[in-house]
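Two complexes are shown next, each including chain A; its partner changes from chain B in the first to chain C in the second.
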Partner chain A sequence: MQTIPTVDTDKFNLAQTLEDWPQAGEGFAVPYSLFTEQEAYTAEQERIFRGETWSFVGLEQEIPEVGDFKSTFIGETPVIVMRDEEGGVNVVVNRCAHRGAKVCRSLRGNVPNLECVYHSWAYNLKGDLIGVPFRRGLKGNGGMPKDFDMKQHSLQSLRVEIFNGLVFASFSSSVADLETYLGPMASAAIRRIFNRPIKILGDERQRIFGNWKLYSENTRDPYHASLLHMFHTTFGLYRSTQTGVSKMDDNRCHAMLTAKAGSSSAEADAEAYANQRAFNSEFTLQDPSLLKGKLEFEDEVTLVILALFPNLVVQQIANTLAVRQIVTYGPKEFELVWTSFGYVDDDTEMQGVRIKQNNLIGPAGLISMEDGEAVELVQDGIQSDQNNVSYIGMGGGRSEDADHLVTEGTIIGFWEFYRNIMSGERKV
Partner chain B sequence: MSSKILLCKTDEVSDSAPLNVNVEGFPSLAVYEFEGDYFATDNLCTHGNAMLTDGYQEGEEIECPFHGGAFNIKTGEPTAFPCQIAIKSYPVTVENNEIYLVNA
Partner chain C sequence: MPMSNPPVTIDPALQTEVSRFLASYAECIDTDRLEDWPEYFTDDCLYMLQSRENYDRGLPISAIRCDSKGMLVDRIVSLRNANIFAEHFYRHVLSIPLIHSVDDDNIVVHTNYVVFQTLLDGASRTYNVGRYLDTLTRVDGELKFKEKIAVFDTNQIATLLVTPI
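Let's turn to the complex of A and B:
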């Protein structure tokens, strides 16, 4: 039996964990401590979420009008995304320049300007400070120091780029432009789905008690999809015997899994899944209209999971279209913000299909609910085992693309990139 | 026949100390001096409930203490964020060092 090397340090040391990453023969190993240690999580906020990356913060369609805003997070840093008078989109850190209070306290809305409730400091829709109570005193008393200059106290604004309606923001002035950062594969995949004006159908938020990177693994994992998700295989939405690919960009930090439903024959499936509990065609749907839909894309691909580093998943599952944004709350907790959408030119019937198929995704989705469970199963399973490591080998144990779905190569790609960016070596 | 209502004496007002005056039948008023002329407006800011005379006069502008918005003391027009609604301005006359509100 192949022995798995263990990292036997008593006190967790991030630099050392990154430095001598455990080896696992031809397979790949991940130290479980990276899912539990506060030190790793805190470093990730600086080196990843506030580092040389672009984070997704919302869809332009969420803030169409002047004064529209949404408040969200990059990692765990609170930010505000708002539409200014010139129609531009600005992203600022949601922290008052005065004494640090969160300025925006609601999820969404429309305001002529921002105002901090603590001392009524006011900012315009670009985050510039425009109002300070008692700035020159009250009845001649008090007031700010003579050298107080409003222009020195604006909200921290981030670099913003919009790609086909997806708004990204970055704390880094040196990371490459967004399209370079996304790379050709991800850019094409986004253009494929965001090919015309979209219409937002709704939001769902899902709190998952596990480390955010477990979800990064889950969304780069074609191996689990047909085994964990019984619904997928039973109703033919996704079977590892179908034609599909699992690919990465050059940096191997973004990944895309695709599959074509109906591209596998019943015999091939029966043979591949002969005794798997996941394949049980005696199940039928009481309401088959759930899966009534149509092939929308000429390439006839019915499943796309595009996992973008660090915080976004763009997905097409049958006719459901959604973005999933990861918001981190600690090493053992994160939230998924799902935003489902369709197209402006969907007829009512197609919109109905999308809304009904929404039952496949989200916190209680017939497919997606199992991912949240799986992440928590891992978090629970590794609790007192931080010195141990996982073993990732399906498909050969290397971060390579595959023109099939029986691989974990895309997960390994994530970890190789993670190790580099966390060690400060990686510049995109 | 227009009547006159006494507001205050001229020496009670200076361009760095506008005066709050309460007169029967009027909201609280602010009386200003600028380059020897006198003006009067409503004293309550139209953006938040603050007294402009608690604020800061700078030339022809009175700055509200609360949010730093401002109005022109001659016309009552808003001149700085976040004030957007004008304050009422009242005609005044001066007779032997007393300032009167001209009640047309």
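Let's turn to the complex of A and C:
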């Protein structure tokens, strides 16, 4: 049989790609290969998701009681988030210390302790091994080795920190504390939204067949908002008075887009929407109650997209509040888990507003559904010509903040940070 | 809402009428007559497309939640004119509608559904599987959905969801 010679010349080399990052003249370039190559994905799991970062794993409110647990992922690594008898939150890798079976098989629940179904190894709510059947054998037969030390066989426990009810975990013992990692910009934005006890309204799960970093770009990209998402424009709801800013923290680790609807009061806002038929547009909403909301923050900001590296977006779109968690499933697939919430002190009317406005967001959201499509359009488009690059230049082609939304500066910031962390040169 | 022991005896004419109504609803969507879709509902209807994950926890968030026929119309106008998505075809396959109760005003009926989605590459995938928890009523003699809650098991909406289920 004839063998086909392998051609090594075009083979992807991650280290070299990071080292010789392509230039794009006056703009910025991103190699297509970083969206498609398994080698890059595998390295990201190690250097980002299991590296010098904090990943979002859930909201404290999801596990209020002792024994409550939630299973989720950091990157592609399954983890369990659970509350112990002292009220602490623990995050462990969802993998039995014995033979590697997944210990927790439910999405969420309440248990006195965790037990692997394979051989019934039991762990407490901190992840410590507390029971091994037939450890000393049965009728003189079997048993674990004499020097078997229970303490050496606990579930792998991660660093955990909670910031205003958001639970983060890290595999790294050297990454800075969470608040330092978040930095002043992100910390303030989280404090603003998580300013009082929240009430969870539900989850939505969206599977997107593209690289997770295309979504990182998307959520750091104010340029596309009024061009791809046409809901407001179509119904004559776009208001040119809308102002926005796009900014990053000093490390360019996290990014935030904010905008104001442009009206000065809740009354004006409601009136503008109620009378939207007066707008010069071909289409009008039959039921404008969809957009009737309240101005609920003193700063009058009505849109916040806070993209935290590596796996979280915190959003406020009108009166919808949500966290979006990214879970990776290989270089060409990720899951987006949307958890929507309101506040414990919302009255019935306010909760109704949030529930109704949820029609705008999520996988079927009238103003958000296209993001899944955009990610896949790029993924499909870049499958060939792996030596080619994308071009990013709006706003000047540099990783700079902007006091407008006609920019891609925050996307470039993401890539600069990515390049650093993947090269082991993280600056924090 | 009675959840078990549906009445043993259902007027066969009613069973046929309900079955045909549901089949007609599915055909309306599958043949892309989406402008007619809101006409299957009462003016003050509730249409919800919700994951079983939320339904079982009694949480309100739904992928789609319309509490008026006007909102259904808006969804379709948005689909036709605003939203960006891959061209696709739906094929609903329904189980026998199980009528749970009948009174002067309402017919409560549960029906399993499977929606296959086919994209332009020709591949069909199981896009959304679940059950309809419907309350039908009559408006001028014609059946309408007063409440249609589609609770889906398929808890990973592929790419996006724009066409109603």
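The rule is short, and it goes like this: the second predicted complex is superposed on the first by the 390 of 428 C-alpha atoms of A that agree within 3 Å, B and C clash if a C-alpha of one lies under 4 Å from a C-alpha of the other, contacts with A are read in each partner's own complex, and residues count from 1 in each chain.
Heads up, the rule we're going with is that a residue touches a chain if its C-beta (ideal position, glycine included) is under 8 Å from a C-beta of that chain, and two chains touch if they have at least 3 such contacts.
Quantities reported herein were computed from a predicted structural model and do not represent experimental measurements.
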> Which holds for A:D203: it touches chain B only (first), chain C only (second), both, or neither?
Replying inline: second
>> Is A:A188 touching anything from chain B or chain C once the two structures are fitted on A? First, second, both or neither.
In response: neither
> First (chain B), second (chain C), both or neither: which does A:S120 touch?
Replying inline: first
>> So in the superposed three-chain picture, is A:V111 touching just chain B, just chain C, both, or none of them (first/second/both/neither)?
In response: neither
> Is A:K139 in contact with chain B, with chain C, with both, or with neither (first, second, both, neither)?
Replying inline: first
> Quick one: chain B or chain C, who's touching more of chain A?
Replying inline: C
>> Output check: A:V344 vs chain B and chain C. Expected answer is one of first, second, both, neither. What do you get?
In response: neither
>> On the A-aligned overlay, A:G131 touches which partner chain: chain B = first, chain C = second, or both, or neither?
In response: first
> So which positions on chain A get touched by both chain B and chain C?
Replying inline: none
>> So in the complex, the part of chain C that touches chain A is made up of which residues?
In response: 49, 51, 53-54, 57, 59-71, 73-75, 77-78, 81-86, 155-162
>> Could you list, by residue number, the parts of chain A that touch chain B in their complex?
In response: 112-113, 120, 122, 124, 130-140
> In the complex of these two chains, what residues of chain A are touching chain C?
Replying inline: 107, 200-209, 228, 230-231, 233-235, 282-283, 285-287, 289-290, 335, 340, 351, 355-356, 358-359, 362-364, 366, 369-370, 372-374, 376
>> Using the touch definition from the top, list the residues of chain B that touch chain A in their complex.
In response: 17, 54-56, 63, 65-69, 81-82
